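Note that the chains take the letters A, B, C and D in the order they are written out, and that residue 1 is the start of every chain.
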Amino acid sequence: MISYLPYPVRINEIKVETEDGNLKTFKLVFENEAQRKAWKHVPGQFAMLSLAGQGEIPIGIASSPTEEGHLLFTVNRAGKVTTALHQMHTGERMGVRGPLGNGFPIDTDMKGKNIVIIAGGFAVTTLRATLIYLMEHRQDYGKITFIYGARTPGMLLYQDELQEWAKRDDVDLHITVDREAPGWDGLVGFVPTIAGQVAPSPGNSVALICGPPIMIKFTMPPLEKIGWTDDQVYLSLENRMKCGEGVCCHCNVGPTLVCKDGPVFTRTQVKKLPVEY
Amino acid sequence: MKVFRLSQTELDSMVQGWSQNRRVYRPAAGRQQSAQADCAPGWERVAGSSPLTVATGPSKTSVKTFLFPQPETMQTYTLKSSDPDKGLLKEPEKTTGKQIIVGLRPCDARSVKLNNLPFREDPFYQASLARTVMVGFTCNTMCATCFCDQMGGSPMGTEGLDIAISQVDGTMIAEVLTPAGEELIADLSLTPAEDSDINALAERRKDCPQADSAKLDALKSRDLNKLYGAPVWQALGESCINCGACTFNCPTCYCFDVQDEVVRGQGRRIRYWDSCMFPLYSLHTTGHNPRGQKMQRTRNRFMHKLKYFPDRYGPFSCVGCGRCVQDCPVNIDIREVIHDLLAVE
Amino acid sequence: MTSETNMTSETNETAPWEPKIIAFLCTWCSYAGADLAGVSRFQYPPNIRIVKVPCSGRVSENMILSALKSGADGILVSGCHPGDCHFISGNMFARRRFPLLSNLLEFVGIEPGRVSFSWVSASEGEQFAEIVKTVTERVKALGPATRLIKKIDQAA
Amino acid sequence: MPTINEKLTEEIRTQAKALLANGTVAAVIGYSRGSLPMTVKPTVVRTAEDCGKLVWNSFCVLNLANYLPEVLKSVEPPRGPRDPKPEGPLAKVAVLATGCWSRNIVVQTQEHQVDPERVVVMGVASRGMVSRRKVEEQFAGREILTVEELDHDLVVKGADFEEKINRWSLVRDNCQTCTHPDPVLVDVRIGEPASERKNPNPFQQVDEIEGKSSEERWAWFTSEFSTCIRCYACRNACPLCYCPTCFVDDAKPQWVGKSLDAVDTGLFHLLRAYHCAGRCTDCGACESVCPMGINMRMLTKKLNKDVLNLYGVEAGMQPGSPLPLTTYATNDPQKFIVTEAKAVKEGV
C-alpha cells in the first residue's frame, strides 16, 4: 500500500551553491532512526519534499546512497514551495516522501560498462549522486567520463567537490562554461560541443544525459556521429507531478507515467512517446 | 448467492432500517436546488420515509464522490509555533462506519471496479471501498445517451454491486452478491424469490443488450502514435471550451491535485479532483506547458480513456454512462470520437 | 499578502470579542493620515490592522474577499480624496469599482457595514481617528463575522 | 413552407459559402447539428463545401464570440511568441452574432482582444434561445428523444409521448428580459432586423432578491451555489474570460481554495461575476452550460443593474467609448464613502 505520509526530517545544513543565490543545497537528516535505516534509494530517483502549509515538490536526490545518514537536495527557487523552502533555516522541520521513480540502471545496464555522464546546468544533481556512487563502486564500472557545463563559473554546482574529483585519475572530468570569464582557465564552450570533442567511442558504453531540452537536442548529433545508438543513452524526464506514485496522472506522457515508469528512460523509449514533456 | 423478492414497501422499510444506524445515500431526485450540507451535490442522505424510486438512467453526479471524496484530507498539521509538533504531518482521523449507496446504476458500480485499477495501492480509496456497500438498481431501459454495452458493461450487469435490485414484471428481485450485501440483510426476514422469479430475471438479463466490446476492442490494438496524430483532434479541440464538466461528472476520471490549506494555524493537506482539461494540470513552474494548447488537452482526455488506460490496465476507462455526452456544453460526444478513431487506419 | 496564516488565533479565547478590521490604506494619504493621528495622539480603537498599499486603486476585490475569508470582521479601504491621487486617477477608478463590490457583497447577504470605504488625506489625522471609530462601532454592532469565513475540518 | 429557422439556416449557409468562396474570410464560426435533441455544436468552417453543415435554431445558447480571438489567431500565419507581426492585412473571420454576442465582440474590441477590421459579423436578430433545462423540467422523469422546432412551438417527443408547447414559455430568462435582440454590429445581415424590445423592468429577478433580508439573501446564495462542482464551465463559456492565468489558478498568493468548500466556491462565483462587471452582456452562456443548473447569472445581472444605474452604461452598446470601469467621471457618485461627518450625524 502506498503511503502519502512524508517522513519528518530536519534541515541540518543549507549551502548556497550559485552566485545568483537561486540554488541551495539542503542537507536533511531523519528525525526517526528507523525511517533513516529503512530509506534505500538509487541514483536518479527523486523524492517529494514536503513543507506543511505550502505543498510538495518532486526533486531529484542529489546524494548518493553511499553517503549515509543524510539526504541532499539541490533546489532552484522557482515556485511557491521552493520559494518557501529557500526561506527556511537550519534546524527547521520539513518532510520527505520517497524514494520515487526508477533511477539509473546502476546494477543492470551500467554494470561493467564505460559510463559517460553529460550534465547541463542544475540538472547535474542526480548525476552527482550517480558519480559518487560509481566512484564508491569503481571496480564495477569501466572508464568514467563526466562532462558538466554551466553558464558561468559561478553557476557551477558542487564546486568544492568538482575540485576533489579533478584530482582523481580514475574519472575523466570535463567542466565547461558557456563564455570566457575572468579567473576561469578551464574549458569554454557549450556542452554539446565539448561532448563531441571528448566523448569516447560507444563500444560497451552507456551515456546518462540530463540538462535543458535544448542541450539534449544538440548533444545527440555529435554522439550519433561517432556511432552512439538511442538504446545506450539514458535521459531523465520531468513533468508536473502530484502523487509521485503513478496514481494522479499529472505527469503522463501518453500512456507513460514519468513518476512511476521513469523519470529515467532510454532515448529509444522517449522517442516512442508523444512529445508531451 | 441469495435472491429475494421485494415489494416497494419492503424495500422502503429495509432502506429506512439501514438509515437508522448507518449513513445511507441515494441520488437526489430531479434537479437539485440545494446540496445537503453533509452530502456531495447530486446525492442526498436517506432520512424519513419517502419512497425510494430512482429516475431512469444514471444519477446526475457519479458515485465516485463516495470513494474518492472531493476533497479528501490526506494529512493534518499545526503551524503554531508553540506546538512542538509544528510542521509535522499526521494521518487524519479515520472515518469509520459503513456508508450505503442505494440506487446507483450498473455503469457506476462498474466504474468503482475500473478506478480500483489505478487506486489498488491507494490507502484512501481502499479504506473508502472497504466501508462502502453498494445497492444498485439495474436498468430496464437504456437512455439515448447510454452505451454501457459497447464499453463492456450491461444495463442488467451486477459487477461491483453488493446487492442488485431488478424490476421484473412489476416485482423487485434483489440479488445479494457479496458478504457485505449479506450482512445488510442478515437480520431481515425477506421473502426468498421463487424459481419463476429467478427464471424471469435470467430471461430478462439474456434479452437485454449484452456487453459487446468486440468492435471497440479494435481500438486497443491500434498504433498509439497514429491515434495521437488523428485528424479528428483539430476540430474537437477547436470547439472544446476546456471546462471540466465532462471530467467532474465522469465516474472513471480519477485525476487529483494535492494542496495545503491553512486556517488560523491549523492545516491540512487535501487531494481534490483535477481535470486534464485545465492548463494548470500540466504546467511546469518554468512556464513550459507540455499540453499548452486546448486541442492537446482535449486529446489527452480521450486518449487516456480509450488508449493510455487500456494500454496500462486492460479495459477502457469509460463505462458508457453518457454523462459527458449530456453535460458537454459544446456537445462533444465520446461515441462520435470513438467512431472517428475507429476510422483511423 | 494576506495569507491565511496571518490571522492566527494567538489572541486569548476567553477575552470579550473585539472585532478585527483590516484597513487597506493608501501610502500617500490615508497611511500618512493614520501616522498623523498617532503623532497627534488622537485616540482611535485598536481594532484595525493596517495593510499599506500604494494606492486605493491597487486594492483588488481579491484582497478584500481574502481578508473576509480569513476571518476579518470588517474591512476599511481608504485612499486620497478624489483629485489628490498620487497617481492622478487611481482613486477615481477605485471609486467606480468599490460600490459595485460592496453592493454585490450585500446582494449575497454580507451585512452592510462590514466593508467600508473612505477618503483620508495626509493632513486629516483627526478625521482618520473618527472614521476608524465609526467603522469599528459599526462592525461591533454587527457582531463577529460568520459569513464567507473559511473553516477547515480536520477529519478525512 | 420552411420555418423561420430553416430560412435562416439556408441564408447562413449561402452567405457563409459566398464569404469563403470569394476569399473575404478564411473561416466562419457557426453551429452545426448536435448529437442530442436541443444541442448544437459550435463549429469553425473553413471551406465553402463545409458550409452545408451550418445550422440555426433556438438552442444556440453558447456565445460564439468566445471562439473569436482563438480562431482569428488560427488563421494567421504561424509565428513564434517573439516574431514580429506579419506585414499586410491578416485573414478575416466571419462569426454569427445575435444582439448580445455582437455586444461581446464590441467589448472584445474595446479590450483589444479582437481587431474589428478582421471580423465579419453575420448579424442575426435573436428570437430568444430556448433553455434546454426548462424543457427537461417540463418533462421531468421522461426521456426526450426528439425536439422539433416550429415557428412558435416546440414539438417534444419521447418513446411514448408527443407534446406541442409554446416556444416563448421555454425561452431562457436572460432572453425573455433582453431589450437588445438585434446585433449592434452587422456586416452581413441574416434574416430581418428586430426592433428593440420594451421591457418595463429587465432586472425584476434581481429586484426580488434585493427585496429580501440580509439573512434570506445569504440563505439564497449559499443554497444556490451549494451544488457547484467547480467544473468552471461558466467561466470557460464566457467570452469575457480570457486571462492567461485565472485568479483561481494563482498560487502566489492563492486567493481561492480549489476544492468543494462552500466558502471557496462562493468566492469563486463572486469574483468571477465581479470580473465581468461593466462587461457582461447577459448572454446567458454561463447559466446555460452549467451541468448543475446553477443560476449564477443573478450575480452578473445584479452588477449590470448597478453599472447601469451608477454609470449609465450597458456593456457593448457604445462601440466608440471606453468600458465603464476603465474610465471615470469627476462627479461619480460617492454616497458609499464613510465620512466623519456621517459618523457624527448617524451617531452610531
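Everything below uses one rule, namely that contacts are C-beta pairs under 8 Å (C-beta built on N, C-alpha and C of every residue); 3 or more make two chains touch, one makes a residue touch a chain.
What you see is a predicted model, and the numbers here were worked out from it, not measured in a lab.
Between A-B and A-D, name the chain pair that shares the greater number of C-beta pairs in contact.
Taking the two pairs in turn, the one with more contacts turns out to be A-B.
At what distance in angstrom does the C-alpha mean of chain B lie from that of chain A?
Taking the mean C-alpha position of each chain, the two centres sit 39 Å apart.
Rounded to a whole Å, what is the gap between the Cα centroids of chain A and chain D?
About 50 Å, centre to centre.
What is the distance, in whole Å, between the centres of chain B and chain C, each centre taken as the mean of its C-alpha atoms?
45
Which positions in chain C are in touch with at least two other chains?
Counting only residues that touch two or more other chains, chain C contributes 3, 5, 150-152.
Going through chain B residue by residue, note those that touch at least 2 other chains and give them in order.
Touching at least two other chains: 79, 257, 259, 261-262, 267.
Can you tell me which residues of chain D touch two or more of the remaining chains?
257, 261
Which pairs of chains touch each other in this structure?
A-B, A-D, B-C, B-D, C-D
In the complex of these two chains, what residues of chain C are touching chain D?
1-3, 61-62, 65-66, 69, 76, 82-83, 89, 92-93, 95-112, 116-119, 126-127, 130-131, 133-135, 137-138, 141, 147-152
What part of chain A is in contact with chain D in the complex they form?
Interface residues on the chain A side: 79-80, 83.
Looking at the complex, which residues from chain D come into contact with chain A?
251-252
Name, in rising order, each residue of chain D that touches chain C in their complex.
For chain D paired with chain C, touching residues are 206, 209-210, 214-222, 247, 253, 255, 257, 261, 263-264, 266-267, 270-271, 273-274, 277-278, 299, 302-303, 306-307, 310-311, 324-328, 330, 332-334, 336-340, 342-344, 346, 348.
Would you mind writing out the residues of chain D in touch with chain B in their complex?
That would be residues 34-36, 39-44, 62, 66-67, 70-71, 74, 133, 137, 140-141, 143, 145, 223-224, 226-233, 235-237, 245, 249, 257-261, 288-289, 291-293 of chain D.
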